[in-house]
Each structure stands twice: as C-alpha cells, then as structure tokens.
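In what comes next, subunit A is part of two complexes: it sits with subunit B in the first one and with subunit C in the second one.
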Partner chain A sequence: MNIILRELRANMKSLIIWSVAQMFIILAGMMKYVGFSESGVDINSMLEGYPEGIMKAFGISSVDITTVDGFYTVFFLYFMLLAAIHAVMFGAVIVSKEERDHSADFLFSKPVKRFKVIVSKFIAGVFNILVFNLVTLITSVVMIAQNNGGDGLLGQVTLLMIALFFIQLFFLTLGFLLGAILKTTKLATSAATGIVLGTFFLSILSDLSDKVTFLKYFTPFKAYNSVTVMFDQQMALPSTLVLITCSGIFIVLAYQRFYARDLNT
Partner chain B sequence: MNIIEINQLTKYYGKHRGIENVSFSVEEGEIFGFIGPNGAGKSTTIRTLLSLIYPTSGTATIFGKDCIKHGDEIRKEIGYLPSEVFYYENMKVIDVLKYSASFYENVDMSRIESLSKAMDLDLNKKIEDLSYGNKKKVGIVQGLLHEPKLIILDEPTSGLDPLMQQKFFDLILAENKKGATVLFSSHILTEVQKLCSRVAIIKEGQIIKVENINDMRNSSYKKIIVESQEDSIEKLFGFEGITNLTKTAEGVNFLFKGDINTIIEVLHKVKLQNILIEEPTLEEIFMHYYQKEA
Partner chain C sequence: MNILMQELKMGRKSLIVWCASLVGTFTIFMMLYPFISEQAATFTKVFESFPPEFRKAFGLTTTNLGEVLGYYSFAFLYIILAGAVQAMNLGVSILSAEVREKTGDFLFVKPVKRTKIITLKIAAVLIELGIINVVICLANLIIINLVSKDAFDMKLYMLLTGTLLFIQLFFASLGLAVSVFLRRIRTVLPISMGVVFLFYIIFLLNQTLEDPKLAWISPFGYFDLAYVSEHVAYQGKFIAAWFVLSAIFIFFTYKLFTKKDLPSI
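Showing the complex of A and B:
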C-alpha cells in the first residue's frame, strides 16, 4: 500500500497536466464542430472534393461529420493516440525510474519482494489510466450535451471509453515490459514512443489501400472501429480478447525480466 | 553464531569481473571491517548480500537464510547505507524517513527525531536542497531507524565532516552495544582500525586476507622516508622487517614492520636532512600483501 500511495503522489502532477491537456483538446475539437455547424456551409459536399486517401488518413470517411456523434467518432483516433502515449510512457518510466533516479538501492534494500513492487506500480498505473479515461468521458459527455440539445450520449461514449481502456491497458503493460527489458529509462521511453508512433502510422497506412488492409491486425489502433461502437454499440469481442491476452502476457514477462534483473546503482 | 556467511561468491558483469570466490563470515555482535581500494568489489559483495544483484556462482546466507531466496525476510532486520546516497529528490527529509519506516513493522517513530538530532539533520528540507554530507545523514538515519540486527555500511563516512564522523561512530557503537552486528566497508584503513574487531581485505575482486585488527595493529606498517646526503644509505636498512625499499634522489624510503627502536638505533648514527614516519596508504599495504603472496 505504501508504494502505491507513493507512486500516486509522485504522479499526481503529471496526471493533472495530462487530464487538463485532454480537456482542452476535447474543448477545442468541439469548438471546431460548433464552427462547422453554425457556418451553414455544406461540409459534406465540400469534403467530397478531397482525395479519399486524405479523408481516410484523418479518419473522416464513411461517417457524416456534420452530426455531433459522427464528428465525435473522428476524435477517437486522437484520443487513442494521446492515451496510448500517456499509458506507455507511464509504464516505461515507473518501472525503470528507480534506477534512473538512483533510488533503487533505497527501495529494494527494504523488506519487499520485487513482485510486490511491480504489482504496486501496476495498480498505480491502472489508477492513472482510469482517471485519464474518466476525465475524457466526463468532458466528452458534457461537451456533446451542449451541442446535442442536452443529450450527452452517455451510453455510446461510455462504450467508446471502455474500448479506449483496453487500448490503454495494452500500452501500459507494453511500457512495463519495455521498462523491465531495456537498460535505461531513456531507452525504454524512446522505444515506447517509437512503437506508439509506428503502430499509429500502420493503422493509417492500412486504410489507404486495399492491398495493405491486413496491416490492421498489427496495430492496436485498429482494434475498434469507433463508428461501429458509436452507431451500432458493438465492441469487437475478438479485439478485446486479443488486447487483454497481450496485456496479460506483457505484464507477466515484465515481472519475469524485472525479477531477474541486476539493479544498477 | 555467524550472522553473515559468504561462500565462494562470484559475480561477473558480462565479461567484467565483479568479485571472484569471495568467502568470509561475520560473527554475531562484531563490527567487521571490509576494506579495499575503489573498484575492488566491496559494493558488489554488499549489493549481492542484499539481492540487488544476483551472483554468478556461490552462495551467501544472512541469519542462516539464503540471501536470494529469503531476501525480503532477511532485509527486515538489515539497515543499509549505500555508498552513493540518492533519495526521491522532491520529497522532504521527514517524508523519506516516514516512507522508509513504512516498510518495517513496529518502528519506534520517536527515533526519527532522536537520530536526526544526533546527526544534526533538518527534517523539513527537501532532498534536492541537501548537500552531499546531509544526504549521507539521511541515509544514516533511515538505515538505523528500525533498529536492525545487522547494519551494512558502504563507505559511510565520505562527505561527513570530522565532528559528524565522530557522532556517527558513536551511534554505530551504541547500536553495536545493543547487540547489532555491523559490516563496515571502507577504503580508509584508519577508520576501520578505530571501530572494527576483524577485517577482510579485498583487492581486484578477491579476498586477500581476513585478519584480526589487533594483530594488524601490532604488526602495523610504518612508511618511513629518510632524506640524507650520506652515500649508500640504503645499505643501512637491509635488515628484517623492511620492505619496498627504494632509493630516491633525496635519500631512501621503505615500509617497516616491527620494533620501531631498531630503526631509531640505525637512524641516530645518520646525519639527516629530514625524516617522515607515516601510516602507509592502503595501496602500499596491498602492494606488500601482493609481494608476499606472489
């Protein structure tokens, strides 16, 4: 318990900054929607002039973005990206920072098992991604309600956020694994950012041509289709199972690697 | 009963030697010195005992239990002061100490106050604002806070001024009197001589000797530097007890072990410009050990 509390306190500031940033992004995004809808311009016909590839890259094909729910599904792509970066960095740093800050000799000379340390840090991590998720949920519902005659689409957005949570969990545990395998925090965070951006571009690439559609199986950003979740209220079960399984494997491997590790001073 | 028992402990970092076949034991209630120059393997040995790193081969037990298997159990009764003291930079001293205490059962929290007072440590400062010496004091207090049965000190006095060193030695002696066993690592021979009953000497990863400090004192070496213009003065010092004899432009210098009067008898016949008699550095003693064992 003491380690969990310590980590929650240590990460409070960064969590607040991330949350506030996320609130601003949602706010700014919804203001764009307000601009759209009030300008009276026929956005759909305007967008038809754009090449399909660009539309797909920005995630705005196959949905009517002049409606608030349609517009919101486009957001999801960017939520995933931000949430993924937050989660993977959190995981990579929290595992490796004791050695970076040279506090490993302090912590691990206490009567604690490394197992307990990893579990405590993991619980702190899940708490952090949950808060980030809830902030996204609440801000979204409030902002949607303002532009949708008071209906915040709570059910649909909640389902989207549950989907988001599994993606966060995937990246959190991936961060743990990187932090446990790689020698320094710097290496771990570099690898983590690389993987997030790599898989993110993979997800965009998979939309661009039918020949490379198979790439979507290699990126968690394609685990869910925000349009299906929003309009059909269906969360792909296979994706969920794959994400949970991967997370489980990552965290177990992370523990094993961390247990066998010679701690640097 | 042996509190620490180390058996053929070996640690390689990849191809780099950490320690090789280190064996020694520390008895209950003693203050055991562990000396050697920087990089000899003192910290490697200690960090293996605390299972911060894993041995390549060999075993070590503390309180009769295996260091790796029962690490967390053993560490309940260990107080450890690392050679490099680092704590969570943005925490206050008092919060670090409370955090440290939270890992142990039944800690007498009034000891935070009394130990800090003894070491003249300001509890309300942030760690990042502390000088090296003051961080060391935080390390000392967190190491002694829970009244451990075994105190492991890795170069504890670096950064402490002489007055603080003395206070620190007093604290250690008081804990020792209450029954704590102490493993004291250092590269300064004199402070080890002051506190310890026995000492293990390590160089280049290997234990050269485990010795009783009293025997060592009786056989303690003096480094003698004689400056004189007399011809072939080195021939005067060809007798038993003299080692490392070297001739310099000014005269001669050597290590001497034995009855100091024999040296004086020779010296009073010589016209001297200057004479220095000093404690040899650890390095010089090691050189001697090497020559003897080679």
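Showing the complex of A and C:
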C-alpha cells in the first residue's frame, strides 16, 4: 500500500499536466467543430455520387463530420496518440527508475517481495491511465453536450473510452516489459519512443493502398475503428481479445524478467 | 572546444541510430509510391471535386498524390514528426544531462564560463542537426530517384526538405528553454514526446478548418507542406514568427542557465 501511495504521489504532477493537455485538445477541437458546422458545407449530398471503394480506401465511408458525433470520431486518433505515449512512458519509467535514482538499494532491501513491488507499481499505473481516461470521458461529454443540445452521448463516448482503455493497458504493460528487459531508463524510453512512432506510421501506411492493408494487424492504433464504435456501438471483439492477451503476456514476462534481474546498485 | 568534441562524441551513436531510422522509415513510405501512383488518376479526379474544407479534414490537402513530390510532401510530414522528437530530445537533454548524470560537479568547476558552455553545447546541437539534415536530403533524393523515373522540380524538393531543418531548430531551442526552466529533469523522452505530439495534434486539428489563431500555436503549421507545394515558397509571417520564437527560447536559455542553482551530488 505504501508503495502504491508513494508512486501515486510521485506521478501526480505529471498526471495533471497530461490531463490538462488532453482537456486542451478536446476544448480546441470542439471550438473547431463550432466553426466547421457553421461553414455549412453539405457533405452528405456531395459524397453520394462517389464509388464506395474510393471512400473506403480513406476510411470516410460512413461518417458525416458535420454532426457532432461524426466529428468526435476523428478525435479518437488524437486520444490514442497522447494516451499511448503517456502509458508507455509511465510503464517504462516506473519499473526502471529505482536503479536510475539509486533508490533501489533502499526499496529492495525492505522486507517486501519483488512481486509485491511490481504489482504495486502496476496498480499505480492502472490508476493513472484510468484517471487520464476519465478526464477524457468527462471533458468530452461536457463539451459534446454543449454543442448537441444538452445530449452528451454518454453511452457512445463511454464505449470509445473503454476501447481507449484497452489500448492504454496494452501500452502500459508494454512499457513495463521494456523497463524490465532493458538496462536503463534511457534505453527503455528510447525503445518505447521507437515503438510508438513505428506503430503510428504503420497505421498511416495501412490506409494507403489495398495491397498493404494487412499492416493494420501489426499496430494497436488500428485495433478499433472509432466510427463503428460510435455509430454501431460495436467494439471489435477480436481486437479486444488480442489486446488483453498481449497485455497479459507482457505483464507476466515483465514480472519474470524483473524477478530475475540483477539490480544495479 | 573540448566540450564540443566531447558532446559530439557522446551524441554520435544516437545520431547514427536516428539517421538510420529516419531514412528507413522514409524508404518504407516511398516503397508504397508505385501502388499509389497507379490509383492516383482516379483519386485526383475525385479529390479535386471535394470542397477544400472536406479535403483538409482528412489531411488530403495534397491532391496530387500521383506526382512524386505530391506523395513526398505527404510522406515527409512523418519524417518531420520524428525529426522534431529527435531535435527536442537533443535540446532538452544536452544541458540537463550534466545535472542528471551528476557530471555537473566536474564540468562547472572548470575555469570555463557558463555562457561558453552553453554556446559550445548549442554548437554541438547545430552540428548534429546539420548532419542529419544533409543525410536525409541526400538519402531522400536517392530514394525518390529509385522509385520514380519522372522529373521533378528541384527547387520545390529543397524547400520541402528544408522544412525539416526549420522545425528541428525550433524544437531544439524550445527543448533548451524547457530544460533550463525545469528544476531537474529525470527522463527526457516523455517530455519531448509529449510536447511534440501535442503540437502535432494541434496542427492536425487546425487542418480541419483553417483557423488563423490556432495556426500560430503549432510550428508544424508554420511550414505547412501543402502550402509550400502550392506556392513553392514559405510564408513570410510564419518565418518571422519562427525566428522570433526561437530567438526568445535561446535568449531564455542563456539568461536562466547562467543564474541557475545547480544541485550537486
């Protein structure tokens, strides 16, 4: 319990900064929406004439971004990016920082099992990504309600946030694994940066051509389609299972590596 | 001079890794060009009939994906994104490293003024950025010539590629200012990743509908590749903003760091 509280306190400032950044994005985005909806472009009638294949290639098959819920689905990518960076960095740093700060000598000489240490750190991590997630949810619902005649679309947004949570969990456990495998915090965060940038680029590439759509199976940023979650209220079950399984494997591996680790004092 | 050589020596490995990964990423993007150019004729016709607001919402401002430089300006944005992370990272870490790695006690007791240390370290950053830009400029040119036999406008190529240098210089100076402003930085990458992606998301948001106010917030918008492609020039007002902001950041770096109370061991 002490370790959890200690970690929560140590990460409070950074959590606040991340949350404020997220709120700023939602706020700025909704301001844009107001301008956008007032521009009065009738996109639906314009799109009717075009072949479906071309629409699909750019993922714009069924979304009308002049409505507030359609516009909101565009946000999901931004949320995923920020949340992924937050989660993976959190995981990578929290596991490896005791050695960096030379506090490992202090922490690991206490009569606490390493298992308990890493579980406490994991709980602190889940708490942090949950707070980030809830901040996103509440800000979104409030902002949507303002532009949608008081209806905050709580159900749909909640579903999107659940999808976001699985992606956060994936990156958090990935961060844990990197922190446990790699020798220093610097190496772990560098690897995390590479993976986030790499998987983000993959998600861009997979949209480009029919011949490379298979790339989407290698990137968590393509796990969910925000349009289907928002409008059909369907979370892709296979993606969810894959994300949960990966997270489970990562955390078990991270524990194993951490347990056997020769701590640098 | 010793300081400069030492910095360059220490940064060599990470510079090589960054160069290799940026060139590698770009190669993968360009490998898809043949697929895209095949479909381009259809795409171009469809896109041109869309209203500009709509194209921007999906980041399809470059309608000429079928031309090699049109596709280049699309792909190069992601190189700029990664390059911005590298530059910001360099800026944040180079001064704060002395405190973090506890070498400050060694360096700052030498008979060298702090201003000189800052100048030499900034020189090291400039040299590293210069190297990576030259490498990318040449490598991209070779890759483009490999995937496409069509002739292209060399001036436009240089202008597009040059945006990387401007954006990297901006983020490097921002990183320097951030590093002297914060009391102690334990891990660099979460800061640089967070800041760069925040600016990138603001830039993406602003593409939906151009908002003159929001355009000033994100440096990615200062050197909008779509604008450069269209006009074969940079925007004077944004160059001015870029210069003023970078200069302010550097000024703050000198001002604050010469008076900073550096914690010792």
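Everything below uses one rule, namely that the second predicted complex is superposed on the first by the 241 of 265 C-alpha atoms of A that agree within 3 Å, B and C clash if a C-alpha of one lies under 4 Å from a C-alpha of the other, contacts with A are read in each partner's own complex, and residues count from 1 in each chain.
Operating definition for what follows: a contact is a pair of C-beta atoms (placed from the backbone, for glycine too) under 8 Å apart; a residue touches a chain by one contact, two chains touch by 3 or more.
Computed from a prediction, not measured in an experiment: that's the story for all the values here.
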item	value
Subunit B versus subunit C as contact partner of A:Asp262, first or second or both or neither	first
Partner chain(s) touched by A:Ser109 [first = subunit B, second = subunit C, both, neither]	first
First (subunit B), second (subunit C), both or neither touched by A:Val93	second
First (subunit B), second (subunit C), both or neither touched by A:Asp101	both
Partner chain in contact with A:Lys183 - subunit B first, subunit C second, else both or neither	neither
Residue contacts on subunit A - larger count, subunit B or subunit C	C
Touching partner for A:Ala192 - first (subunit B), second (subunit C), both, neither	second
Residues of subunit A at both interfaces, subunit B in one complex, subunit C in the other	101
Parts of subunit A lying in touch with subunit C, wherever the complex brings them together	14, 17-18, 21, 24-25, 28-29, 31-32, 35-36, 39, 41, 43, 46, 50, 54, 57-58, 60, 65, 74, 77-78, 81-82, 85-86, 89, 93, 97, 100-101, 185-186, 189-190, 192-194, 196-198, 201, 204-205, 208-209, 211-212
Subunit C residues within the subunit A interface of the complex	21, 25, 28-29, 32, 35-36, 39, 42-43, 46, 50-51, 53-54, 57-58, 60, 78, 81-82, 85, 186-190, 193-194, 197-198, 200-202, 204-206, 208-209, 211, 214
Footprint of subunit A on subunit B - complex, ascending	13, 43, 47, 50-54, 71-76, 78, 80, 82, 84, 86-89, 99-100, 102-104, 142
Partner subunit B, residues of subunit A touching it in the complex	2, 6, 10, 101-106, 108-113, 260, 262-263, 265
